[in-house]
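The block underneath contains the structure these notes are about, expressed in structure tokens.
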């Protein structure tokens, strides 16, 4: 889905600050998602095609018809080092928008990975290349090249609104979007959160309980939680 | 998902022109969807809770947490005659955001129906009231009222971006959105399409074939379609 | 799944009080579910095969293998006027456990309806008979009669634990279970809730807002909700 | 999927005997399915778009790409009075292959209904026309007309192999196929089954138990079924 | 779902015998499942977040609301060396109940893994820690801490009834529960089965056929199986 | 589903040429699928139980009831070096048709892997053995051995028609079937395609764009694609 009329390719898009992008990559999806108030998480049905990748990049977006990837070729030219390609079909489809050939040209242009609200294929080759993809389906069924779409317009991808230049963070937990102009703020909040979590982790490793660390016993009792001894075995 | 930061209620929203809205209601989802270039159709998993309703209205949008419908009460106050309430949880949930009580207050305020990317309940009562709802789930599981959200911000609902004041058209075929400022244009295109379809219907009823009416035989042959006689029965 | 070992038919089960059962039937699934603290609701994927039925009855339970309904014949003999048959396969299956013949013998023995965590068939005939069924699937694929199971043991059906004699309430919103010994208490709570809802409905019809009736404005503001005027049209 | 190479339209197909077809329509899907040994039932996810229709007809088959219904126009010309159109996309899709216009031309040519392993739309209009459709999805998303397919070749539709001229029986329970040359045999077996069921139904209405009518008590005991009295209430 | 009223934490639960638990861990889910008569297998949609783990432990159970993991903190205190935490939301949810922080405190308290009928996150960290989790979803969407539940009551988790102290066995094939008091018996039956399978495996490796080893040829022929020579190639 | 009546085992089947089979194994599913016109791809829901296998073999087919794998034992005897076993239940089921024991006897008879439109189990053992399986489900739930089916008849498996002796190609992208008599032709087409792709890959690695290599700019412009400069940042 696109908010723009007609079929356009928007050039010269503003991109989120590279330093913020790279900082967000280190922190990962779950921390970033929490840091921006539990918003902008893509549908968890979009999964990595292989485990262990963690990336962040600036979105180049593509809105295109189901089963037709002509516009991906148009999008490649708009990609720059540090981008992530976001593919948003206008209707549900399992067709493969990306295979090893398109992955090759994308990687050559500096793209760090792809997010596809549809299918990808050649996953053995993508794994061997180390070119990560997150998708709803793995399917060998290919796309035709018949119908136009748009590049670098706002799109809905897997349930979230993504604008060109926004930050896309992806890892084994899924995919989250950070609006371009919020990248620095979210990075700061995410780093603060991580530092807090590091301290909590240490206290947990020392055997402390969340119940005590967060003073939960009183509010639990106030809400009515009762402790009872189990009756002798049945 | 919302494009806006923090928890806000936007008041005094601009709404699509009422005449256009009412015109779109007559034409229905499939015609309107085609007339705006096959875009802005909500996920077909969002279905009417009873058959036979066809409405159009202006969107009052709600972005809220999974399983929490506190903000719906806030939204009711923002609704006016001719609106459709659009409920967009920030994460997938089956919880019922609307039941017969909320339907009653919404109907009293002139709301024509609700679109819920989650659950509804009391469907026997909604049917008896004639208050239509389109939802992803029917579930008796109720919502809590603990956490804020926003009213009248842009939301993603069932895969489509909806802004407050946009036109929502819903019938047995599903739900489609028409951006506010395009309502008149889409109405005109949809009416033209319907007139064309009326003529086609008559010719079909007279026994004419689409193959002939649309001069398809030549391009089919050119692409290589071959007619063969079936061999004698196996 | 059953908590009992071996294949048994438990006879002479205790049943929930009939007056409570009939009272619960009037109130419906959503009200009963709320009245017992939002518990014991079956998976919403279990749907009525036709709209408009609302029943309550005492559970006769059957635990049986996927695709095998031999034990349903055993269960019929254990049924009495006012019962609801609960069919819980030990593994997911779409096979039809109930068709019009079994419905006929069940109806003859006073059974008010069936809950099937699997398939049913002959839905046109069930509709014509007025014998309601709630199931996960509609499928013509029939069952074999080869393997034992158990009757009137505790079962998990569509995600909930049901014991023989418990109350099963079912309508267009789904299916909820009320433990036998709680029937009277839940009925009382549900009636109180319904009376409250009747008063709320009247106030809603008079145009009052939930925001005011429930004094929500202050806590909403305290949590940080902000009202802003929409900027002039885009 | 089709077993044939290239894109062909097979003309002059042999069709199942009309008398057998009409006989099968009276008996319905569940009885026919049992009568031919529980085979040839389409995936239960293919559902009628409105309740209450029961048809049988001879298959005109279409194999075509996802989201492209060009070949349906070709198929209309091959249809005759008493046919059912069977639409089998080569890959999963929600796109609508049939709407009210195509339904009009199909009905004009004597087609009794359609089976679509994909989407249909204009369901309010189809209901009003009394033109029944069974489909996996209801969706307003339309098809393009770009790519060839084949008409009257063997296809896999919703998990079953269907050849042109086979009998398709469809009702509220789903869809079953009867191979052309077996139509008379299956009709005979289905009628015998129905007569048997009529007698069973009467005995059930008189209160007899399946346990006794089918002498099940002994084999149940032989397999180890045990009856136990419930212990005094918990 | 819980069978207990109110919100309680049951302390001092009886646990299955440790020797039996550890014996069951060696045998794995499929063997244990068969050994107890093909019962108590959790819904196969609950999958390991990484491949290769095989554990058994005694269940500490948590019944809690969708999207709210407050009670997990309460449960940690009830866990002891050799336990498996079983998390059973009262309604379907994708929210993440467990991340790397809670995994850290659980591991510190000797917990061997978690079973979640909902979501988990930080799967890269869980994999690196070697702390196994089985869940229905992977999702970064976090839980709130607002509402009570219960610890160490009977729960339905992924379709099976689990009591505190029961044995939970989990590996790449899924998750199975062994009722506490049956642990020793099931272990014995499972070991006997495994010995039988070892002998069968050797005979298979020597080229023997199951047809001969199990004397299947006669019963197959008696049921009507026919061998035919394929006709000359088509 | 099978096209044949009664329960038969067809012996002495014709198999696709071994050289062609082995050639197809090298090329993989996506290339083969494209080379035969994007047909005969199994439902993408059928996935490998472990990553990294790539096989091709000649199909030995089994049509059998849901939850019953008796016929698999019959099929083993019909298998020869280089075969792939194709298991097609007549109705949807999650039951495990293959575990490590059957895998052992199959591997001993030279079978290269199995395709199951249902469940498999013992996936840790299959992985350790290096015996690949593609299935719709992983489930420990075992099969019974009560009912006949057929071996080496045409079957529908995961949406595609497969005849005995056809080539089955399977890898991380899924499963595709090549009809026996087309194996050599498809191999030739697939090799040609791969050579073409090798050249394209090199040009992509050199930074060339698909837009230029395939002269897409003109047709894109002709269809109305417009390039616009992004407005100054919002």
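Labels A, B, C, D, E and F are assigned to the chains in the order they are written; within every chain, residues are numbered from 1.
One rule holds in what follows: a contact is a pair of C-beta atoms (placed from the backbone, for glycine too) under 8 Å apart; a residue touches a chain by one contact, two chains touch by 3 or more.
Note that the structure is predicted; figures quoted are calculated from it, not measured.
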Neighbouring chains common to subunit A and subunit D, by label: B, F
Any chain in contact with subunit B as well as subunit F: A, C, D, E
Which of E-F and A-B has more C-beta pairs touching across its chains: E-F
Geometric centre distance via CA averages, subunit D-subunit C, whole Å: 30
Length of the line joining the C-alpha centres of subunit C and subunit F, rounded to whole Å: 42
Where subunit C touches two or more other chains at once, by residue number: 38, 41, 44, 65, 91-92, 94, 139, 141
In contact (per the touch rule at the top): chain pairs: A-B, A-D, A-E, A-F, B-C, B-D, B-E, C-D, C-E, C-F, D-F, E-F
Subunit B-touching residues of subunit D, taken from the complex the two chains share: 6-14, 50, 70, 73-74, 76-77, 94, 96, 99-102, 104-105, 108-109, 119, 121-124, 127, 137-142, 145, 147-148, 152, 164, 181
Residues of subunit C defined as touching subunit B within the complex: 28-30, 33-34, 38, 41, 44, 47, 51-52, 54, 171-174, 176, 197, 200-201, 204-211, 214, 216, 220, 223-230, 233-234
Of all residues in subunit E, those that touch subunit C in their complex: 1-3, 5, 38-41, 43-44, 65, 90-92, 154, 156, 159-161, 179, 182
Contact set on subunit C toward subunit F in their complex: 65-67, 91-95, 139, 141, 144, 146-147
